[in-house]
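Below is one structure, written out as structure tokens; comments come after it.
A, B, C, D, E and F label the chains in the order they appear, each numbered from 1.
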Amino acid sequence: MSEAIKKFMYVNRKAPYGTVYALESLEVVLIGAAFDQDVSMAFMDDGVFQLTKGQDTGDTGVKNFSPTYKALGDYDVNKLYVEKESLEERGLSLDDLMPLTYEDEDDDWNEKPSIKLVSRSELTDLMEEQDVLMNF
Amino acid sequence: MSEAIKKFMYVNRKAPYGTVYALESLEVVLIGAAFDQDVSMAFMDDGVFQLTKGQDTGDTGVKNFSPTYKALGDYDVNKLYVEKESLEERGLSLDDLMPLTYEDEDDDWNEKPSIKLVSRSELTDLMEEQDVLMNF
Amino acid sequence: MATLHTVNKSPFEKNSLERCLSTAKDGSTILFIEDGVYSAVKGTKVSSSIEAALGKHNVYALKPDVTTRGLSDNMIDGIELVDYDGFVDLAAECSKVQSWL
Amino acid sequence: MATLHTVNKSPFEKNSLERCLSTAKDGSTILFIEDGVYSAVKGTKVSSSIEAALGKHNVYALKPDVTTRGLSDNMIDGIELVDYDGFVDLAAECSKVQSWL
Amino acid sequence: MKFGVVVLEGPYTHEAADTAYQFTKAALEKGHEVFRVFFYHDGVNNGTRLTTPPQDDRNIVTRWSELGEEHGLDLVVCVAAAQRRGIVDADEAKRNGKDADNIAPSFRISGLGQLIEAGIQSDRLLVFGD
Amino acid sequence: MKFGVVVLEGPYTHEAADTAYQFTKAALEKGHEVFRVFFYHDGVNNGTRLTTPPQDDRNIVTRWSELGEEHGLDLVVCVAAAQRRGIVDADEAKRNGKDADNIAPSFRISGLGQLIEAGIQSDRLLVFGD
């Protein structure tokens, strides 16, 4: 396509497992990675629960899709904005989240963290910069 | 059936139209009226919006099911408990609700109001008395 | 151009309104649709937050959803009612749409 | 016999927990299932209300839903974990079930 | 003890469909009776045989069918809710002029009276929904 | 102006399916272009021809089909979401060994790339959901 690159943000506000929104949102992000756009993900409100480490679905029988977040770096999806206030209200800190990383091709393929902690007002500014907001 | 009569309460906590819960709940109540049980309905939280008067769905094209509440009296469903606190939090009073009535066969078929305003603690006591709670 | 924020949840049941108000930039447009129109009812436990928002945002409610719920006479002053045509106009005028699902 | 109250909604998103706590009689049993288990996480903005409830109610969380969400180490002390068998036992022991949908 | 189970949400969409299944299975395995599982609202979508979930995920519909088969469980889909959502058996297809049906094995379509009856006959009624 | 519309909830169940329809119709009648309506999550359930709603209610599926027919509107059902929920066309039925299909007229089944493309090609993308 000849269009300019658009800034896409996937806005995740829902907890995983209770409803399918989180899982099917992630499927969109993976497919979307094949398109040459400027992609980021926002995790706010209960969306931050999508990234907790140690998810183990053995006893519920539902599909554990948390490993897929670890693959995002390989798909060049490496801007995962997590809202600080949402984490704090939920008794969580960065240590409770999966350590997600990517290899930075502009910096000799050094491994860097994909999760960027941002304040509510920083996230608001980031949302304003986007061309397209995909809400899930 | 030879079983003793059970006390059934339909617990309505959801607003109408936004989701189908209210409409399909009402369908259960109408069918349930054919069974010889002790039936009541509770309207609490956003469930109180189910009873507002003047509902007019012409512009959305959705089905206006509010007239059906007026028919409940004819089906001997005449205990509609509306929680005061829920009404007040939503800026509503009894005057904002449809005037629902039934004819009391034990009192010379006098017309009486079906809606009974109750406090949160009275409603709690009523819920405790039930045998079956149908949650919608 | 500002963002159009749509809220389709009851403020008494879910956190969408609160979240929208704490995030929307001054000067942006807010449209209540579906159960979101309950946010526009006067004299409720959340109406003061809406009245405060009126000074910072352009606030609309989808008229078909208001009349469907029998709430036409209960609206907070200063909230403009629009029909589906008006919704389309708002979406076109704003730079993008944030749906607070 | 007391009523079993089940809560399956996140307390950060919906009003179900708040409503359950303001309605459940002292001595009744509360079970968190599905996204309701987020109510059982320690150090959150709602955890003090749960800690207060522990003095009045028997509070449980469905273990499979806790482990699924990776929260086993984040539980408030005093909340007992049960599996589906335990859920069945609670439903059988209580007089009826109120689902705070 | 005799349980009645009501399912109000569709498969995969909401965990209620999973919890209802796991509860029902656990109750049966503990020797309790499950008088009926009644599918209402979007719960009727648990009863279509046309799903093909990803191979690394559970098959919710098949799981219900097998549990029904194994325990002679009464899996009832509400006819009114099913008509709104397009869940039909051969009779319903004929009656409503449809050229196909999609009901899954072990499920049957019936009226709302079956829900009331479950409330009357069961010692405990549990509602799983959104 | 070119709009893209995303529908995440099923018919009757959630008003989002109604609002999305009314928005799309109004946009078309005002002379705007609607690049695509993409049905995802339970939104795929808008695309089954097997529904029989009560006669005094709107027919949501037929309404979409007619709007699609009238305006040459591209109504796309996500294949992955459709497989989980049992929405199939003839090809999908064959591919997955199903003995029936249920897709409604004017709808087509395709991949998630169609959603991304709608985001890229449309001037405004609107998401209707729960």
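Note that in this section a contact is a pair of C-beta atoms (placed from the backbone, for glycine too) under 8 Å apart; a residue touches a chain by one contact, two chains touch by 3 or more.
Keep in mind the model is a prediction, meaning the values are calculated, not measured.
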- Task: Kindly list the shared contact partners of subunit C and subunit D, in label order.
- Result: A, B
- If we look at subunit D and subunit E, which chains touch each of them? A, B
- If you count the contact pairs for each chain pair, which pair has the most? E-F
- Message: Let me spell it out: compute each chain's centre from its C-alpha atoms, then which one is farthest from subunit F's centre?
- Response: D
- Message: Among the chains here, which has the CA centroid at the largest distance from subunit E's centroid?
- Response: C
- Starting from the mean Cα coordinates of subunit D and subunit F, work out the distance between those two points in Å. 38
- Message: As a quick test, compute the distance in whole Å between the mean CA positions of subunit B and subunit D.
- Response: 28
- If you average the Cα atoms of subunit C and of subunit F to get two centres, how far apart are those centres in Å? 26
- subunit D: which residues touch two or more other chains? 8, 12-13, 15, 34-35, 64-65, 83, 96-97, 99, 101
- Message: Could you pull out the residues of subunit F that touch at least 2 other chains?
- Response: 8, 12-13, 15, 22, 41, 54, 80, 84, 125, 127, 129-130
- Item | Sequence positions of subunit B contacting 2 or more other chains | 14, 17-20, 45, 60, 62, 132-133, 135-136
- Task: Go ahead and list every pair of chains that touch.
- Result: A-C, A-D, A-E, A-F, B-C, B-D, B-E, B-F, C-D, C-F, D-E, E-F
- Note on the structure: Seen from subunit A, its contact residues with subunit F in the complex are 1, 3, 6, 8, 20-21, 24, 27-28, 31-32, 34-35, 37, 132-136
- Spell out the residues on subunit D that touch subunit E in their complex, using ranges where they run on. 6, 8, 33-35, 62, 64-65, 83-85, 87-88, 91-92, 94, 96-97, 99, 101
- Note on the structure: In the complex, subunit D touches subunit B at residues 3, 15, 19, 22-23, 25, 96-101
- Message: Taking the touch rule as given, give the residues of subunit B at its contact with subunit F in the complex, in rising order.
- Response: 17-20, 60-63
- Message: Give the list of subunit B residues in touch with subunit C in this complex.
- Response: 14-19, 45-46, 49, 52-60, 62, 64, 66, 89-92, 96
